[in-house]
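Would you mind keeping the following structure in view while I ask a few things?
Labels A, B, C and D are assigned to the chains in the order they are written; within every chain, residues are numbered from 1.
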Amino acid sequence: MAKIAYYPGCSGQSTSVEYDLSTRAVCRELGLELVDLEDWSCCGSTPAHTVNHVLSAALSARNLALTEQLGMDLVTTPCPSCLSNLRTAAHKMEDADFRAKANALLDTPCTKQVTAQSVLQVIMEQVDPELIRAKVVKPLTGLKLACYYGCIMNRPPALMQFDNHEHPMVMDNLMTMLGAEVVPYPLKVECCGASFGVPRVDIVTKLAGKLLDAGRELDVDAFVTACPLCQMNLDMRQGQINSALQEKFRIPVFYYTQLLGYALGIDRKELGLKKLCVNPKPVFNKLKETAQAS
Amino acid sequence: MSAQDEQRELRIVGFLCNWCSYGGADTAGVARFIQPTDLRIIRVPCSGRIDPLFIVRALLNGADGVLVSGCHPRDCHYAEGNFYARRRLEMLKRFLPITGIDERRFEYTWVSASEGQRWQHVVTEFTRRIHELGPAPFFNPVSEEEWAKLALDGAARGASCACHG
Amino acid sequence: MSGEVSQLEELKAAIRGQLDSLDCVIGWEQGYDPLHATPLFIRSEADLERLTISPLAVHNPATYTTGFKGKKIGLVVRGCHSRSVIELLNEKLIERDEVVLFGLCCDGVVSQRKIRAALPADPGFVEAVELGKDELHITVAGEQATLKLQEVLADKCLHCAYPDPLVADVLIGEKHAPRQAASPACQDAFEALGNEEKLAFWQDTMSRCIRCYACRNVCPMCVCQDHCIATSRDHLWMSQENTPVENFMFQMIHVSHLTGRCTECGECERACPVDIPLMLLRRYMNKQVREVFGHQAGIALDKTPPLLTFQVEEARIKERDW
Amino acid sequence: MRIGVFICHCGSNIAGTVDCESVVEIAAGFPEVVYATDSMYTCSEPGQEGIITAIHEHNLDGVVVASCSPRMHEPTFRRAVERAGLNRYMFEMANIREHVSWIGKDKAHNTNKAADLVLMAVEKLRRNRPLVAKSFTTVKKVLVIGGGVAGIQAALDCADGGLDVVMVERDQSIGGKMAKLDKTFPTIDCSSCVLGPKMVDIAQHEKISLYACSEVESVSGYVGNFSVTIRRRATYVDWTKCTGCGVCTEKCPSKRSPDPFNEFLGTTTSINIPFPQAIPKKAAINPDTCMKLQKGKCGICAKVCPVGCIDYEQQDELVTVEVGAIVVATGYDLFDWHKYPQYGEGRYPDVITSLQYERLLSASGPTGGHIKRPSDGKEPKNVVFIQCVGSRDRSVDRPYCSGFCCMYTAKQAILTKDHIPDSQSFVFYMDIRAPGKGYDEFTRRAMEEYGAQYVRGRVAMIYPHGDQLIVRGADTLAGTQVEVPADLVVLATGVEASQGAVKLGETLRVVPDQFGFFVESHPKLKPVETNTAGVYLAGACQGPKDIPTSVGQGSAAAAKALGLLSKEQLESDPAVSKVNVNRCVGCQKCIDTCPFGAIKAVTDRMGRLKAEVIETVCQGCGICTVTCPQGAIQLEHFTDNQILAEVNALCPPKMNNVSFE
């Protein structure tokens, strides 16, 4: 079993606990052993780097240093925002002067070059696709999905170095592999409004509403995401969006790990499906009907 | 530099390509950009014509400095001459230290026909550098006594040398 | 050394098989005494019997190749010799289909200079030399002296990164594990000296030079044949006067013409009758070539010598900073 | 040798800071100097007469003039010594004005330096030898590569001037990009109406031979005497018989052949004539789609052809022509906009290039001149134009401005309104670049009279919404984001160097710049010349150009070719490299490094390889001389000996008992 350092991120402990749960379950099933960083700290999220670049990098560099202490040179995280901070820190630490400044803030300096990758990238690059195909027990046949990647998962391309930044395809490919029909969703990398959900709900309802509208136009059964914030804005705020835009959206929004876990036959409790705000039941009913019909 | 040193000229040889740097030196002249007088210029068609051995010959003959200037890369009248020159001259410059000849006595640069001011700057700076280094040491012994001493030392030394003890 | 004996027989068999189709095969035989080898030009079975490949056989046979242009010859080559051949091929000075290469995986050759220094007195004529596994037994005037082979190996062999031929039609012996090249300690020590000391050193050694041109004549890359500009009256690069400055000018010409081409076979230094450490200059120049162009002469076929080509943007030349 | 030295005062220009009389005195003592004097203005009529008289009186066979820069008056003095009967290369100049009197204040130092420079000149002159220019005849024929508007103009001008012309065109018809255009800016006149007659002239001019479907394979020789091999690609139609009647194209059952003339909007037949005005108007078969050539079945065109010109067995043919000059007019290609992921990378059929839009506008285009969008054939109401697609953008390595996109976008906005009066055009632009006669007025008309909405900003994204495309961009003037629903998006794709340019450049020894555009001899003063004598540039192969500029350059290149070939004989500069065959070991290093292909390998009587300089091609740079370790190839007038003499004059070898002479 391949051992990989795992950084869950703050949201994985709170708003997206189901993402964390399902990620762990899926990785276990696919033969990836996640080793939790002990005593990890917050990546700093958006506030840190808007205030101080060195501090922000140091927050993430601390987590890179923890990885180093585990004797590993790769750390993985489900959250694109955490990933962005980890990779930014790793990149900036390549500069000796910057490294010295950031290390001065740390108890244990970060000396080696540690790479951070998303769990999605690790699954797509380290797991044999044939293994995934072979392990599918409940294919997603009959399901029409829109994969929504969000704005920061592959951007900036020079830093993230994974997939096409304007037209990513990995989640599409993964879902197709599981038997689902994936629509050519044009707003894959659009912004959902992100953390404006707190100060300016109107922005989120407008932007996320547009995302939902584009999905409805393509007649999708559900959205698939890989970002806690995207998922929250589309799922938890769907009611707010409906009242703000006088709409009646009822589109479930999954983490890709949840659908992957379902297809692999993992116990539903481990996938945290109950945490979803928009009831996903119609989706699973449809899947059952298709399964029975065939 | 004392006033007296400033008075005494040193021997600086310049190799300039006809199309850019020689023209640049002309431009500097036309504009009356005053320069130190130590430098004497040999005109060649292209920096690609400059055999590094011309520079070695000049230095071994006792030149205190050698300055080469050609067209800026990509601007060569002959398209590629300065690209070859750059490689040859860079190798010479890097090689000089092993010979004990101070590599600062040789420099190469690019000056276009329009860069009179730059030429003035290059000449002034290079001449200043050479004056700071002072006259180059002679390779051959300069007097009968030294000749004799060298011969005696050689005899006493036999086959020994730095590498082959 | 039984291994060597079998290798010699293997080599002889290989040469024998091709001798008819070749004008000549160049190897080595015993020279004027058992301690010295000399190049052997094999044209017949009888010649072949005299072939030796012991560590005493040092000469670079590539030196002779250009003289055979248009004819098909064979060469017995060690690793360093094969580099010279590659460089000559890359410079179109010889043709690949005109040389058959009998490659020897080489454990190093001796330095006569070191042997001489290790013996109690100048040996004069040597009666017998016996090669042990790691030793050399030399009999002079009935007395035997034993030298450790490792201690009398040539400098170039101690730091050799290419003991096995890089190109060969027949390969004899076992290949070595990859090795890292290094410069000898005396090189680093000399480079660390100041300009004044270095200049004084060359003035000194150059006053010793007798301008015999042995360094040029053994150099495999000196291919100007009878037209070396150092000995021409048409281009008056230097006078024939034997002064340090003219002697040094000659070395400058040699190094300059070797820029990016020298394969470090060390023949120039070996041949020098007055022990001028010429490799100091060669190694230093090669180091510069490696640093700037990432190029080493004679380690790969179809490479253009760096001074015969260019890049519009040179990654490692910062001439515009001045 | 008997050398005369003439020191010029140049009024007070030199004499003001150089003691000319002293220089004369010193110079008189230099080796082989038999006469030294000074004069007020050596370049003046009496000054030159003074030189001529001295040559006669003192029987001089070499002259040194110390005055201004040789870049100024070397030709003057060379003519003077020639008038006196000396070879003009038996002359040297010392630059004691620009390099001495004008830049140094100290008279003693200046005088000393002037004397040194004279000594240098004397020492070099002592090693000079008479050089004689070679004359050679020229072929009065011009090769024009490329049959776009620039090449057409160059060919017609050359032919009208009396030269034979060979035109080589890669495509099936000449006309280039201009033939694909509907209208031209700023006059909105019909492109094919302007160009058509010129194309017909090419076909009919008795001095022009046209090779279409052909490419230049190799070029050898030199100015005045090039030998060019042309590959005529197999068309599977005997063009000597084909009348262009078009019956075959009507009957051809294979109708899915890609249509490059229409920029791949729609398809054409396997055997086709690309467009009605094509020159030559001959049919050709696309072997990739022809059923007969692919599967051996069909053969309908052969059956219906009234003149029996179909030949399925036809092979490529190599033709060699001798020409005296070459005009390169290979034009440009369009930037591949798929490199921009934000424009959909080809996923949206209604995102098209500006040239595709021209074909939609054109009455001879695939839609008969009705604007119908590719996806569903509907007439668009909102048309969005995006400028600078592959121009002025470092991220795609296209930092340069393509020059004419602003203008054709304005034209297309105007034509859109003409075609669809209730349409609305939007133009996303960076800056409007309209420097030309009537150009800026034209873009103003597009905005003011035709109501095109110009938005200053880049487009970040195009995405589909219903049957429309939403174009999102920045409006930098309003400081806001805008989203425009579009029925059709037209990308103003920028200009790239023609695909084969780099390879052709190697064949012709014309250097392409980093983007593949050919480099002219001098950016200001020799815009159509190249560094290879006898090869000229016209049109966009040198850099992005609009039609009038391309036509102007075509004429300029023709004028250069006519001027060159108007002389009965050409003279080559004798200061070129020369091989001493005895010294040459045949290593060919000089051949590899020569930028001009001026050295070739020859075999001597003994069968040994030797280098040989083609004197008329050699430009005299001397790279080869340094490359040759044994000094076998020497640049005349700048030989090793001559330069060494100068070095030794400046730095006399010290303490060497034997001097160099």
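Annotations for the structure displayed:
By definition in this document, a residue touches a chain if its C-beta (ideal position, glycine included) is under 8 Å from a C-beta of that chain, and two chains touch if they have at least 3 such contacts.
Because the structure is predicted, anything quoted here is derived from the model rather than measured.
Across C-D and A-D, it is C-D that has more C-beta pairs touching.
For the pair chain A and chain C, the distance between C-alpha centroids works out to 63 Å. Averaged C-alpha coordinates put the centre of chain C at 49 Å from the centre of chain D. The centroid of the Cα atoms in chain A and the matching centroid in chain D are 54 Å apart.
The distance from the centre of chain B to the centre of chain D, with each centre set as the mean of the Cα atoms, comes to 37 Å. Contact of a single residue of chain D with at least two other chains is seen at positions 593, 627, 640, 644, 653, 655-656. Residue positions 57, 61, 80, 84, 88, 140-141 of chain B are each in touch with at least two other chains. Touching of two or more other chains is recorded for residues 237, 243, 245, 307, 312 of chain C. Every pair of chains meeting the touch criterion is listed here: A-D, B-C, B-D, C-D.
Of all residues in chain B, only 9, 11, 13, 18, 22-23, 25-26, 28-30, 32-37, 40-46, 48-51, 54, 57-58, 61-63, 77-81, 84, 88, 120, 138, 140-142 touch chain D in the complex they form.
Residue ranges on chain C touching chain B, taken from their complex, read 113, 117, 184, 186-187, 189-191, 195-205, 207-208, 237-238, 243-245, 248-249, 252-253, 255-256, 259-260, 274-277, 279-281, 284-285, 288-289, 291-293, 306-307, 310-314, 317, 319-320, 322. Of all residues in chain C, those touching chain D in their complex are 66, 69-70, 91-93, 223-225, 227-229, 232, 234-237, 239-241, 243, 245-246, 257, 304, 307-309, 312. Partner chain D is touched in their complex by these residues of chain A: 164-167, 184, 186-187, 190, 214, 217. Within the complex formed with chain C, the residues of chain D that make contact are 514, 580, 582-583, 585, 587-589, 592-593, 607-608, 627, 629-632, 634, 639-641, 644, 653, 655-660.
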